[in-house]
Amino acid sequence: MIIVLRPDSTPEQIEHILEHIQQLGFRPHLSRGEKRTIIGVIGDEDKLQGEPLSAIPGVEQVLPILKPFKLASREMHPADTVVVVGASVPGVRPARVGGGALALIAGPCAVESAEILDTIADQVKAAGANILRGGAFKPRTSPYSFQGLGEEGLRILRDVGRKHGLPVVTEVMDPRQVGLVARYADMFQVGARNMQNFDLLKEVGQTRLPVLLKRGMSATVKDLLMSAEYILSEGNPNVVLCERGVRSFEDSTRNMLDMSAVPNVKGQSHLPIIVDPSHATGRPDLIPSMARASVAAGADGVHVEVHSCPEKALSDGPQALLPKQYAELTQDLRKLAEVMGKTI
Amino acid sequence: MIIVLRPDSTPEQIEHILEHIQQLGFRPHLSRGEKRTIIGVIGDEDKLQGEPLSAIPGVEQVLPILKPFKLASREMHPADTVVVVGASVPGVRPARVGGGALALIAGPCAVESAEILDTIADQVKAAGANILRGGAFKPRTSPYSFQGLGEEGLRILRDVGRKHGLPVVTEVMDPRQVGLVARYADMFQVGARNMQNFDLLKEVGQTRLPVLLKRGMSATVKDLLMSAEYILSEGNPNVVLCERGVRSFEDSTRNMLDMSAVPNVKGQSHLPIIVDPSHATGRPDLIPSMARASVAAGADGVHVEVHSCPEKALSDGPQALLPKQYAELTQDLRKLAEVMGKTI
Amino acid sequence: MIIVLRPDSTPEQIEHILEHIQQLGFRPHLSRGEKRTIIGVIGDEDKLQGEPLSAIPGVEQVLPILKPFKLASREMHPADTVVVVGASVPGVRPARVGGGALALIAGPCAVESAEILDTIADQVKAAGANILRGGAFKPRTSPYSFQGLGEEGLRILRDVGRKHGLPVVTEVMDPRQVGLVARYADMFQVGARNMQNFDLLKEVGQTRLPVLLKRGMSATVKDLLMSAEYILSEGNPNVVLCERGVRSFEDSTRNMLDMSAVPNVKGQSHLPIIVDPSHATGRPDLIPSMARASVAAGADGVHVEVHSCPEKALSDGPQALLPKQYAELTQDLRKLAEVMGKTI
Amino acid sequence: MIIVLRPDSTPEQIEHILEHIQQLGFRPHLSRGEKRTIIGVIGDEDKLQGEPLSAIPGVEQVLPILKPFKLASREMHPADTVVVVGASVPGVRPARVGGGALALIAGPCAVESAEILDTIADQVKAAGANILRGGAFKPRTSPYSFQGLGEEGLRILRDVGRKHGLPVVTEVMDPRQVGLVARYADMFQVGARNMQNFDLLKEVGQTRLPVLLKRGMSATVKDLLMSAEYILSEGNPNVVLCERGVRSFEDSTRNMLDMSAVPNVKGQSHLPIIVDPSHATGRPDLIPSMARASVAAGADGVHVEVHSCPEKALSDGPQALLPKQYAELTQDLRKLAEVMGKTI
């Protein structure tokens, strides 16, 4: 850690800072430049991160040197993590995410009925999807919108998944629901709005079920990795990250897909990262090209909302692909996966 | 609601849309322009909001006419809401927020010990603060940072508040803690990261304790009002909104304070709104001028972090004012409040 | 155009609005809903765009129906535009951009010397680049940074391009330089900072030389197309758009690459669009994957900065690829182009 | 400047970096920490700013210590700069901006006719405005919108200003117009879209006429000060900065007013800074409160668009105040200026 002093810092202030650092158990190292004096702090920087050094009189700025996450970092864990979804579930074909294996997650925004979900599952499986998604608890901006079927939705999702041999992923929004959701799902989804719901992160961290952690709408890549760190530090190593677009000034798409987050995460972390072009763009006309680009960017999977009748969907119908469109898309993804050396 | 059709929409598609709208119980009204055909939909727009009309083939865009919130709107409730914090608590002087009364909320980021809090409470009360703040449960980006004293912190906060006759506000992060926090606090704070934690909103909505609802880091003013709507729709009318800055590209301040949110909210809603320049700027050198500007902008209060020894604070020390700086600030705020016709 | 009236609008106000619209030569069409009255305006909306209708008392909002650009729109011009760079220049192989032909633009940020540029041109041509880039006039944030070699740089660029048979593109920043730059370059570049320098747009619009128009750092896709409209409306049809990232809160990349701009533009406009991952990310470790993703997203080309010795580059060295890295990248791009049905 | 090395940097790489720094004329200073090795670079950092140090193999990041602007910095020039607009113009009362003097700039967006401008000038002067504004060259997003009256507009503006004894400010967009505009105006305005039009900055920098430099839509405060540095470094010391809102995700206001830019600039720079709430919000209902907040935040002036008939304005009518509203506003501003110790 580097402490830069103000040009008008006094000898007494500098002395006080040096003493303070020593009291904290670190070795300060003073260098006087022509225009600024700086203090290098030698020692375990992790322990310094909570210290309000910039509040000390005479300090202009504090420059950290190390990244604040550890368990999520590639420095600590050089090899790619592979997360297996649906391992040892009778009748289900487990899906591998990461390390060259591509996850194709598909399904409706919300579970609406067993019939509708069965139709969709049948079609997305035929198209090549290997994980089925569907929401039973829905985070809706308006209290007057459909909020999901709750436990009934979880049951339908599990049963339809089992019937088709597909592992299932569904959102958990409330720490009190973690146990309930774990009884039905093969993977938790923590949504963008809850990426920094730290009590929820701790709770899913205490299970060993895979977690699909979506990037918050204004989270940096570092923030996303820090939220993964919460889950990992509770003992659950099975985290899959998901880029799903961030808020921006561009008003013709629902969010702005930050495609560079894929290689950006992969450089810093061993965790797999997939892309959700449905929420990122909110526009079916843009989803296929963004799914293709995700695979070419090196993503470990693609998450797409598919609905057999978008105009009657109870949630987010306007951003769903039709099963036929999804089947065309997966043909392209296969070709691109081959170029990229990935398997589905 | 206005439905704009694509220039290449077919007569069959138009017919289908008209039928669909009638099936939903609305009257469609077709107008053919030179370049576009549009359909006006007459009826209670609230019921249409969940309908995925833009997913119907032939539709180019759907333009809503009405605002999606009701209980929070000034149209429904023209008079300013006044929220009273600490009403009927023995020995505590209740603080009024809204309707011309200015709330001065001050205190440390986190409750650290009874001694430190007592010192700070004594000083901020002398300076004119009328609500004491302090965190017992802290949402921290890193799992390795100080997470708060928990129930012990709540007890200290309540006791120190009572001693000085000040009502107290503290953050609640987890729906499971709502009952616990309610036993100690006079006002809940729902933090920026939890503004769309809908289960938490519902839970605090089922109490009658005042709620300080902070704007999310990438929430629009409409999103903030929709989150207030969640609380109001559960039956709790005591909501105070808080502008605390949003994420932006500007990297010299912690967030960007959207000062115009103050009159923007006041035009649309009857709820009081205060400003938190501490989190908005993250810089003590900017806090006083932003607090002054907040009062001149018409805010119903100012929330400032104050610590007697910022360099030893366990959380957010670098953004706290010293008690002496806070006392100077409140003198300015009094003069500005007078010009603005407000009372403290 | 739809005019939504305020709930408290008076009959006199409504009467005034109806008259005003008729005076402007349009037919108003009044519909009274349960909660709002709206006025549809029938006629050529283009003529209405400059009218300050929302300033009329009683008006709540004005909703436009049509897009504000015409010459750039796919509605007006359904077929893809193909821009040819370096047509009829002796010894130069023209490069086609758009309509299935992929442009590979490469070269250093700034022209530094004939020797360095010759080396780089030799290597990027061998790797498959078909347009050579290099800046002679450099827009630099600091007045103390290297500002480019000026006309000498233009001469070097042209001579090196001719020697290798490559058409050349270079930035023009000042309307007074348009004639000068046109004497040396085969394509103008209008940089992000000048996307709304309307006098410059008009000036390049009066030539017939192809223009590479880069998206402004906070420009929406619509803004970008409106700036293209300026050039087209002056008579120059040879516009190639370039996505190069926008400003965002993410601080680990130089800008945020909005990959969805590629299909977003292609849906609305016939103009070709390429991607510049060098400026978008500012990080060599992210450039190759973003270049690959661009081709998979459907871009008409990729613009990459290449330097044989980045650590000695006079401008933007840290974001340049080495010639060897570029050669590896173009091999991947060829394979992806084949999957996408494109030719280089 | 601090260079942080990668954890896997080799001894050869470190040796190469040390040599490179010495060749550049600086003294490197190596410190080996537990997890990272860093190199402090001692010497005149300004000379290092253009060097692509982060492109050298083995370098992880480069951390600058000093601010990149000099002439604009308060470190170089501790006392507030006072800019006088309209000095030594016969019949005109010069307006002082900065150092405790408040500029009240008002007028229509565009000069439309002598009659309209005369009416407005009369009213804003009566309300207390001390500088008259009006555009003769208008930067419009659409090529089909009104582009201003050109020289005729300049003449009208000057004549009306002289008649009322008010100095005038008007926008210059093109370096070729600088001489022309200087013949009529008492202050140049460089608009947000041209904040990084460096050729224009250099051109106005070569005059001695005051320049009102508006912040770009996605410019940081540092970027704004760097653009001021361009003007100052050409020899023109008369720069007034203007905060006018930046692009954000908030869609209910035209831009987001970054009020904290006022004290942020004042801490780093001696230049005066004013606020333009008209362009920042785009909404007349928000302008008065934002103007009041600006004065309380410490701004050196307020720039407000005023039009006697907004619904017939040729440009930006919907965001103009009526003269009566402006007169009410200036009464408030006087009271606030008194509290803030400023004079108008």
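Read from first to last, the chains carry the letters A, B, C and D; within each, the first residue is number 1.
Just so it is clear, a residue touches a chain if its C-beta (ideal position, glycine included) is under 8 Å from a C-beta of that chain, and two chains touch if they have at least 3 such contacts.
No experiment lies behind these values; they were computed from the predicted model shown.
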| item | value |
| --- | --- |
| Steps needed, at minimum, to go from chain A to chain C via contacts | 1 |
| Remotest chain, chain B as reference, centres from CA atoms | C |
| Whole-Å separation of chain centres (CA-atom averages), chain B against chain D | 31 |
| Centre-of-Cα separation between chain C and chain B, whole angstrom | 39 |
| Rounded Å distance, chain A centre to chain B centre (Cα mean) | 26 |
| Residue numbers of chain D (touch at least two other chains) | 218, 246-249, 251 |
| Chain contact topology (line, ring, star, complete or other) | complete |
| Touching residues (chain side chain D, partner chain A) in the complex | 2, 4, 7, 29, 31, 33-36, 38, 40, 42-45, 63, 65-66, 75, 247-249, 251 |
| Contacting residues of chain A [partner chain B, same complex] | 20, 46, 49-50, 52-57, 68-69, 139-146, 173-176, 193-194, 196-199, 216-218, 223, 226, 229-230, 233, 246-247, 310-318, 320 |
| In the complex with chain C, residue positions of chain A that touch it | 218, 220-222, 246, 248-253, 256-260, 262-264, 267, 277, 280-281, 285-286, 289-290, 292-298, 332, 335-336, 339 |
